[in-house]
Every structure is written in structure tokens, then in C-alpha cells.
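Letters are used for the chains, namely A, B and C, taken in the order the chains are written, and counting of residues starts over at 1 for each.
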């Protein structure tokens, strides 16, 4: 256990988020069980008021998740001198087996909270609470994950002891190491580049098609999600190499450092923003025909598609620009 | 045009202290007329007004608004009428903001801020540009000859001035229906007559006015079109005064 | 989009007006908030500055120090070991070091005494830290009598006084010639306190250390990185402990904030009722409350961190010195070099603004869901 202000702050946030999640989830259950829009009874009015509370809590959870995600990575980076062999956040997170799961679930929770707010936004625009059931079932899915995130974070920091020999990012993300992240870095450059650019192209084309014709929304949503995963793998495999201008440094976290102009924040922000909007588009697809939303959802979806397209385009442009102008050339 | 059908509002339902404020009311309120709800306190006038004004939802029954649907961002079944009883709060509010202006018994002005700000207050959350509604507020203050008070704080005003500020505030979002709950309860006879005069002017401008009152100056006024008498939450008489 | 922005601006404007109208009520909240931010920020700035000082000092330290242990305690190292270590592949230099502590009976302070390089000009010459100079009221050229092991005085002449600057370690330092060092402490010849080892390639440090440990079973090689780590954790730990103590202050602040937000005055309750009755929606009032929280938080946060900055970097953190720096008579007044970065501010933000905001969510929602027709029922 490391007693450091940043660690305490992260644990505090995890605790608050889990607590708020459980609280919102409890009222979500009650809403699912007792919802009756036809009734003007006091119980129903009370539940309708609770929906405001749940949406407020969810938007706070989303922003806390986003901020604490970066704080987590930054803190891991800050702590690396405490561990022999750790040269950046990558090494610190590998100190015990809870580091990476905690990071991944943080990302997942952020994405889910974003999707929840999109569904909530659509629901609030229908005059008969058309998505109330979907919304609160999604919430019930999210709450255990928020709790799990807190548990993993506690387990991670409780198990962190300075001086444990760990692999550094030089070895963790280099070709010799085994394991998931090592496998990703081992992905050959050329096929990864092809996968990355064709993923972006498919997402772009299906997005434009959807934007103009309003069809093939699922294709777009799936394609944007797959492209997100491919893009993350590409960051590990080849994108970061162009930024570091080193053929062997595969760390996805060093991009967030000052040496690289904090470009990582921008890259990850475009990726996360794009994928939240992309998944959101797909999640709204089944409800396009719902009476009260028949004109509302297509409008929201068009905006979401636009967000995804802009975000992904920016990401691709920066990556492409760096690939062309970087001092590094990959064979 | 407002249509109420079998409207009921009860409080603490299912409990021993349950009581019914409005009991099975069916009524049609005509547009561009002055309608007065007359009755002793506790007769359900205020509850009825707050349901019509989209402030509270009835326990059962339906309320239809005709002629306002076009102004709304959504519509039900393409019909001209909107049935408001089952709408969520945010939609009721949308209707309330664009359709109704309220004048309260206590005026309900916010202390500590200026007259002008008080008048502009209902427009803040509409997302309209500040300059636009500010200009409208200033012209309303001029219309009620209280423009010189614009920067005064409301606690320094006289009863008659307060009343005019309250009316100006009710008109800021350009509503088609004005709802007034016991507007003359805190006014002397002179000011009460003046109030009815203003109401007559509003009617002349094409607005519908709905007043709940047990003040003879109001319900005996020659200006009113329809008088509805209430007692114990039910309508006992309704007659046209024309 | 434009409408949404206008709505925010309009409501924000009203928020500011409302806050100013209730100065007295908001003042106690702001004062308490400010206090908590100030304490935490001072602590955070102070610990970070100390960590940085330590890091700077350690930058000049040798990559590796070799000590000798006898019966588990540190002992003198024969200088003969140096030559053998220097023969290990990869080692570029080995330098025997002489250092120890000197107790000054005059003012009850402990000085760190080190032997300088053999090449230094005169045997009588000495360099001292600003703390020593101040404690003994010395200037360059003065004579400083040191009492040797046999009570015989050893006179040294002050050649240099290290600038006071921010140097935590140099404050109590006296550097004298090796000959004087041996005279002062009656050290046998051919012995050193420890050996400083320089290695060409830092990646080979661990290998070289293993070889030294093998060559001299009683020796203990310590790497600079190990010392750095230890310093970091000690400071983190001390900072964390203090933070834990401050956590009670944080907690009581949160309870206070909750209480403040819950206990709306009748006036405020009525005002929210009016707003709802004239067409404000629940989410509009929530937005009003949100902006209110932001304004209060940012004011407290900015003022608190600015005050803390002054407290730590201009006044040298009088509130924390004893708790965090350790106890020593000689510890002088010293000025920390300001180090504040976005990361520290983010941590502070998370420790103060986030809990405050969370504590006010439910009370704000409760206030915002006042019945719109409540204003009609007085």
C-alpha cells in the first residue's frame, strides 16, 4: 500500500463512484418495478422526480470516470521510480495482476456511462418515457461494473509495494515479452496499418451513408467499435513508434507525457469520444420506430455519427501526418 | 381552448387522511375570454388552476389544450389538441413556459434583485438571447408605466407597483393564456379595479384570462365572459355573462 | 446549440447574482472550504518541493556506495578494497569517502563533517554550510575551533560558505581536509567511511553490485536508485500520514457542506418555489445549483491554492515544518523552490472539489424538485 495523496484521491473517487452507482441502481430497480406512466399517483410522481436524480448522478459519474482515468495513468507514471525496472506507467501497472484489469474496466465504465447518457438524452426527448426500461436495465448492468472497478482499484493499490522487481515498459511492450499487451505490440506493422486505415475507411463510408440515407446504422456502429479496438492495438503496434521515433518503444502511456506535447490526451480523447458516439448510435437503432421518438432518434443519431466521424478523422489525420513526417521509417 | 374531463386530484391517497381537492370536474374554457372561478377558499380553485397551468398532474382525468400544439416541439398523433395529463414534467414545463403566464396572490417576486430582473426571470431557462427578452421586458415596463422603477429592488415598491411588476413578469414569454390566483386579495378596491382594467386590456390583445377569486370586484366585473362557481372541489354552477 | 449556451449563460448570471445576495450565508461555507483546500494544498506543495529537493541532492550522489558491515553494523572500509573494485569490468572510478557527525556542545547541534578531496588547497581550510555559519556567526576568513576526540582543538579557517539557497543538506555541512578529518576523529590510516563507485553503463550497476558483494562478503553495495526510492517513499509516507490526519478535517467539511446544502433557509426555499412556479424546470434549478457549486468550489480552490503557495514558498510552511522535515536544532530557515504542476492541482481538485460536489448532489436535487405549485400555497 502506498500512502500518497494521489492514491488516496483515486481510492476516494472509486468509493464515491461505487457508492453513487449503488444509490442510483437502487432507485433504478424501484423505477423498473413500480413504473406506471398512466398513473398520476404520488408514488409515480416521486419516481419521476427520482429520474432527475439518477441522470444527475450518472453525468457526475461520467465526468469523474473520465478525469480519474487520466489521473490513474498519470499516478501510475508518477509512481514508477518506486519500482525497480519500471520506466513509466506501463511498469507500475504491471506490479500486480490488478493494475491492467482496473485500467480496462475504468475505460469500459467510462464508455458505458457515456452510452447511458446518450440513451437518457433520447429518452428525455420522448413525451412518454419510451426508453425507461432499457435505460434502467442498462443501469443495472453498469452498477456491478462500477463496484468491480472500485474493488480492483483497492486490490491494486493494496498490493503495490515499492521495490518489487517489475518489468519496465521497455520489456513489457517489447517483442520479447509474452502476454496480452506483448502480443499486441508484436502485431506486424504492415497488416496493422492496413487494418487500421481500412477500419477507418469503412467507418467513414458507412457513417456517411448513414448520415445521408439513414440506413445501415448497425454496420456503422459495429464498424466504429471494431475500429476503436483496432486503433488501440495500432497505437501499441505502430502509431506510438512514430511519435517516439524509436522502433522498439511500444508504450501507450508515454504519449501522455510532456515530451510528446501531451498529444496522447488528444489522441485518446478523439478515440473515446468517437467510440461512445458510435456505440450510442447502434444502441439507439432498435428504437427508431418508437412512436414518440420517430423524429427524434434519427436526428440524434445523425449528430452522433457526425461526432464519431469528426473524432476519427482527426485521429487518422494526426496519425497519418506523423507517419509521413516522422523521422522514423518502419521497414 | 381548454377542455377538462373528469378531472380529479386527491392527496395522501390510500391513507386515512386522504382528501380530494378537485372532484370529477368537466369543463370547457373558451379562448380569448375572461373566465372566473368563484368559490370560498378550500373549494379547489387553486388546485384546478395549477393542473390547468401544468404545475401539477391530476390523479385521474384528462386535460386537452387546443390551439397550442403547433408551437410545441412534439405532437401526439398529428392532432391539434395536446393531452397534457400524462406528459413528463419537462414537457409540461415546455408548455407552461410558452403558453401560460401566472399571477399569484402574493405576487411571488424574488427579493434582492431588480424589478427588471424579476420580469426577465421566466425567460432565463428558455435559451432565448438575453438582449431579446431584455428589450421585451423594458417595453412591458413602459407599457405598465413603471419603467422608472426598472433598477429598483422589489422590496421598496408599493402594492400597486408590485402588482404591475407581477403582471409584466407573467407576460414576458408572450403567453396566450394568463392564469391569476386570487390576484386582488392583497389590493385595495382602487387597485383591484385597476387590475380588472388591465385584464380587460389583455383580453383585448387576444389573450385568454383565467382568474380564481372570491372578490366581488372580480366576479361582478362587467368585463368577464364566464363565471364558474365551485364548492368542495366540484362545479356547482357555470354561466356565461354575455 | 446556441440556445443551450444562452440558457447556461442566463442561469449562470442569475447564480452569480444570487450568491452575492446571500454573502453572509455563503461566507462560512467558503471560509471552511478555503481552509480545507489551504491545508491540503500546503501539504501537497510542501511534500512535492521536499521530494524535489531530495532528488536534486541525490543527483550529485555517486551511482553506488559500498559500505562494510561488521556484526550487522556499518564499519570502516579498508581503502585497499577500492583498487580491487576498480578492477571489475565496467567500473570507471572508485573514491574512498570520509564523513561523520560532529556534536557542537556550544549550541547542541549536530554537523555533518566530510573530508574534501586531497587536492584541496590548504589543510586548515574548510567550507561550511550557511546553517553552521549562522549558528556560530562565522564569516569567510574566520577561524572555527573544532574539539577533537582528545579534547584538543583543531583550528580550521573558513574558506567558503555555501549559499543559503534552498540546499537542505548543505546547511549543516562542514568540509575539511582529510588530514584534519583524521586528526579530529582519530581515524586509523588506510580506512574510509565508504566507497563511492562510478560505473560506465548504468544498466550494469546491478551486475557490478553483485560482483562486489561476491568479492567482499562483508560489504553492502547501495545503488543511488535505491536511495532515491527510499527517500520518495519516506516522503510519500509522511505526506500520506499527515493527509490521513487531515482527512478528518476533510470529512467534517463534507458533512458541513452536506448540512449547508440540505438546510436551505426558508427564504431560499421560497425562491426556488417561485422559480419553479414561473416556469423553471427541475433541470434548470439543478443547473442553477450546479453553477452555484462550481462558483463556490473554484473560488475556494483558487484562493486556497494561492494562499498555500504563499505559505509554503514564501513563508516556508511554518505549519508543517516540524511534522515533515524532522527535528534538528540546526535546521535553518530555508526557502523552497516553487514547484507546482497540473498534476498536483488535479490531485487537490479530486481531494476537495469532487467530495464537495458529491455531497451536494442529493440536497440540490431535493431543492430542485420542489413542487411548482408550492408557490401558490402560502
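Here, a contact is a pair of C-beta atoms (placed from the backbone, for glycine too) under 8 Å apart; a residue touches a chain by one contact, two chains touch by 3 or more.
Note that this is a predicted model, so its numbers are computed, not measured.
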> In terms of C-beta pairs in contact, which of A-C and A-B ranks higher?
Replying inline: A-C
>> If you average the CA coordinates per chain, which chain's centre is most distant from that of subunit A?
In response: B
> How big is the gap, in whole Å, between where the Cα atoms of subunit B centre and where those of subunit C centre?
Replying inline: 63
>> Could you work out how far the Cα centre of subunit A sits from that of subunit C, in whole Å?
In response: 34
>> Suppose each chain is reduced to the average of its Cα coordinates; what separation in Å results between subunit A and subunit B?
In response: 48
> Considering subunit C alone, which of its residues make contact with at least two other chains?
Replying inline: 282-283
> Could you say which residues in subunit A touch two or more other chains, in rising order?
Replying inline: 49
> What are the residues of subunit B that contact at least two other chains?
Replying inline: 89-90
>> For a test of understanding, state which residues of subunit A touch subunit C in their complex under the given definition.
In response: 2-10, 12-13, 16, 20, 49, 52-53, 56-57, 60, 64, 67-68, 71, 74, 78, 81-82, 84, 162-163
>> Looking at the complex, which residues from subunit C come into contact with subunit B?
In response: 2-4, 6-7, 9-11, 13-14, 17, 21, 267, 271, 273-275, 277-284, 287, 371-373, 375-378
>> Applying the document's contact rule, which stretches of subunit C touch subunit A when the two form their complex?
In response: 40, 43-44, 47, 225-226, 228-229, 232-233, 236-237, 239-241, 243-244, 247, 282-283, 286, 343, 346-348, 350-351, 354-355, 357-358, 361-362, 364-365, 368-369
> In their shared complex, at which residues does subunit A touch subunit B?
Replying inline: 37-38, 40-42, 45, 48-49, 124-125, 127-129, 292, 296
>> For the complex, give me every residue of subunit B touching subunit C.
In response: 46-47, 49-50, 55-56, 89-90, 93, 96-97, 102, 104-106, 108-113, 117, 121-130, 169, 173, 181
